[in-house]
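Structure record follows, encoded as structure tokens.
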Amino acid sequence: MSIDTHKRYVVRIRTRDRKGIISMVTQVLYKRDLNIIKNAEYVDPELHHFFMRTEVEGKVDPGLLEGELRQNLPAQAEVACHPTALKGLVILVTKESHCLGDLLIRHAFNDLGATIKAVVGNHQDLETLVKRFDLPFHYVSHEGISREEHEKLMHAAIDLYTPDYVVLAKYMRILTPHFINHYPQRIVNIHHSFLPAFIGANPYMQAHARGVKLVGATAHIVNDALDEGPIITQGVVPVTHEYTAQDMARAGRDIEKVILAKAVRLVVEDRVFLYDNKTIIFE
Amino acid sequence: MSIDTHKRYVVRIRTRDRKGIISMVTQVLYKRDLNIIKNAEYVDPELHHFFMRTEVEGKVDPGLLEGELRQNLPAQAEVACHPTALKGLVILVTKESHCLGDLLIRHAFNDLGATIKAVVGNHQDLETLVKRFDLPFHYVSHEGISREEHEKLMHAAIDLYTPDYVVLAKYMRILTPHFINHYPQRIVNIHHSFLPAFIGANPYMQAHARGVKLVGATAHIVNDALDEGPIITQGVVPVTHEYTAQDMARAGRDIEKVILAKAVRLVVEDRVFLYDNKTIIFE
Amino acid sequence: MSIDTHKRYVVRIRTRDRKGIISMVTQVLYKRDLNIIKNAEYVDPELHHFFMRTEVEGKVDPGLLEGELRQNLPAQAEVACHPTALKGLVILVTKESHCLGDLLIRHAFNDLGATIKAVVGNHQDLETLVKRFDLPFHYVSHEGISREEHEKLMHAAIDLYTPDYVVLAKYMRILTPHFINHYPQRIVNIHHSFLPAFIGANPYMQAHARGVKLVGATAHIVNDALDEGPIITQGVVPVTHEYTAQDMARAGRDIEKVILAKAVRLVVEDRVFLYDNKTIIFE
Amino acid sequence: MSIDTHKRYVVRIRTRDRKGIISMVTQVLYKRDLNIIKNAEYVDPELHHFFMRTEVEGKVDPGLLEGELRQNLPAQAEVACHPTALKGLVILVTKESHCLGDLLIRHAFNDLGATIKAVVGNHQDLETLVKRFDLPFHYVSHEGISREEHEKLMHAAIDLYTPDYVVLAKYMRILTPHFINHYPQRIVNIHHSFLPAFIGANPYMQAHARGVKLVGATAHIVNDALDEGPIITQGVVPVTHEYTAQDMARAGRDIEKVILAKAVRLVVEDRVFLYDNKTIIFE
């Protein structure tokens, strides 16, 4: 690869910890005449893993920089250097409009931090909305076919666009591990509860039955344990005994869409590390 | 007026307080075979004013009911009974998309609680967005004309639709008392600060300069004191020293749109009383 | 009972719903020349139960008023009228000081809304603190005796004070149904998680292991299902990946104490109805 | 100064920015065999000032380390290295107990992160509370003497204890610049509003009159502009039209005490930089 003429890069490192890593990394960056715009590190105090995210400005060949850093780090260290660039998303939906609508509005006014390439739905309800924004909508019904067949069709629709991330914006189908592993650590979901409370179906019904006084939303990375993937961000809104399950759902929608959009921004800006089924987030 | 066949009504009463009002009102409703769905009262402990909002179900001639209630209340009591029905809105905008976009998405999926009749902008930036939703957009530029002439044109555009409420969804022009008094107590504004902090222009610049750790949004009724009208609802989001004024604005947008939508719902559902430059809100 | 000379009363009613109850109740209060200070009702829309809490001012024999209301209500209606008065509390603790300390400070400055009669601990750690406030502390160790024997001793210590409510201010022993049923619906607990997440032991350890981004606290009435009793109020605080389980616990303490104090105030002011393992709260 | 045997140090640097500072600092720390526990930097994007706080573990002579760092930094750079140690506080109060009570309870159970050396009050109301915790209370009445005389007596009482910080825990006297400059950047105040709203006296009265829907609290460093000093942290709680000014004050107390305790912890842990009348906070 020839010298990249990009001006801004994100450097991400994860490795087991030892003394002197920050010193080494910053020295390498300094020698290459890269200016540190923003820098953050974290060391897990129990497992002694080291994480670092650095935004730099300058000119560099990312591959060469990665190589130099790697040779100064413990074996198995993971090093990545990428020019900052808009990531591509494919959004999966079912019938609910609020999360998709919010992403579309942000996208239409360059406020999402990513490019929506297409929307894929297992129902047709949101096709009109997507078309209003001149984006492709793929209707992939699950009716009359097996889960495996349906996921195969979903894959085909999604992979037309080679997205960096797949965003589940209230996509109400359970995904198989096979599907999930096709986009490892690259699926972001919004779950309409304050996880780990109310895992599974109908969380607002569960929340209403339990009589909670706050309802929440959780954005997380999807792994094959579904609602048990690493949590990116969470929010809550207060409710009272006067709220029906439907009222709770309505209150929840306002926080769901904000939380999902925040999570999307965090992942597409390379601010999230996954680790031990948790996230480390450099905001 | 003949017997109305509507099934649900909102009865609103404001009067100076005296003993027995709730008893009288509920007895009248009971005798007319109206079932109380939801009931709320408030008595100002200092000024001894009484406020009541009651949702009832049944069949009634609203005018007759109002008359009967009024004759049992102190002189000057205000009584209103309306069948519940979607109110009509005209939305005023300038260039920012997030509040308008949020209202449009809610409206498109019957989640706003009101009907958007048209959008009027003093810039053309949001015309495309409005057209995507098949709603009328009126571009009324303020360039090259006086404030009075501009407001006259705005009036003309708005009044085509005889709206129940005018919603300022980041409309960035100062309104004259003349304009405001044309829609008395019927203009809802979102101010991008936690009022009364940062009254006036560029609140996020002010907030950044002051080094606050929370930024806020305030939805209020517009009176001729502009940012000093009665507050309907407020929200905040945390910020840090790392936020530029632009970052604060971005963080603030997420709360602005939610707060404005909440305020719109409260007013169109007749839940807001204005009183002593404050609001009484029966949620 | 002779005419009570108290000036303020709380009237509480629960019954299956039928038309006209509010009208009847307010008419009875009006005829008895009682002035309604504050009034709230709720009807469960599915189960058609009716709840009402009314604060009145005037002079009345509570027993007679209860009787008159009851005979105008459906059979099995529950009616209670009590003069407002400070309730008495016994507080149970183990080793953690923050909730107890907060209650003691409020109590010392008449800001609790209740009277602390005594503190009972299964460890001696907090004895000094309680003594500083000139209140009785009973040390009832659980060491070397059976759970039944321990609870018997706890009962004995508590019942010396005939409390209206027993408050578990981080009392870290599991209670038997036998113990709980001795104070039916009169035990308030603070659980250090956002229930129903992290039921059981060490919720902050669980929360840390799960990688949540908010930690919470839940005040609830204790029934024989322990952490599953009716929720009174809940709160959350944000945390990050940098928080150890101990940091989460520290962050949580600030919300635990505030939430517990709020719950105590709600119950001692007779604002809480228990219903269907949930609470109805008239704030 | 001989080699210090402390094990943990905080290194703080502020300087105008230039390339390579982080690299230089971390290299120096590495060469001295100091292990970085936690590290944070911030560069003001407009004014190009650089701030860094690093916690290290090891053995070092702080003076020598400061010297070595300083000679590698731009002229006028500020460098400080201190072993971590509990700071000493003197608390100033008037009549309100909630903030003082909260600090005393935390202090009594080693949960404050600082040592309370004494409490000084211009009223006697809180003397008993302080004495309960076996701490010195100085009653310095302002009655019958001039402001200057009173402040002189306050100084005398405070300076007996050579505190690192003076904490105004609802001290309701206006301080002169002369008094403030005696403890430059070392006075922490809790203001009972969401600054800059409701500067000055009786903020809850002001908030009630304005009809806000949230009330707040602000902890800040006191400079000679009083309520206009750099903000450390802020919080809010929701209120409704039913809240009297007294109810707002009560709601506010729960957030005031938590916010003040948080601010105290941030300053005594050397996490706060003051800059351009704002704070930079490395949490």
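Letters A, B, C and D mark the chains in the order given here, with residues in each chain numbered from 1 onward.
In this section, a residue touches a chain if its C-beta (ideal position, glycine included) is under 8 Å from a C-beta of that chain, and two chains touch if they have at least 3 such contacts.
Quick caveat: nothing in here was measured; it's all calculated off a predicted structure.
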item	value
Homomeric contact chain A-chain D: same or different residue positions, threshold half	same
Of A-B and A-C, whichever chain pair has more C-beta contact pairs	A-C
Separation of mean Cα positions, chain B and chain A [Å, integer]	36
For chain A paired with chain C, centre-to-centre distance based on mean C-alpha positions, whole Å	41
Touching two or more other chains - residue numbers and ranges from chain D	none
Arrangement of touching chains [line / ring / star / complete / other]	complete
Footprint of chain A on chain C - complex, ascending	42, 45, 194-198, 210-214, 216, 230-236, 240-242, 244, 276-281
Chain B-touching residues of chain A, taken from the complex the two chains share	97-98, 101-102, 104-106, 108-109, 111, 129, 132-133, 250, 253-254, 258, 261-262
Touching residues on chain D, where the partner in the complex is chain A	19-20, 22-23, 26-27, 29-30, 33, 35-37, 39-41, 43, 238
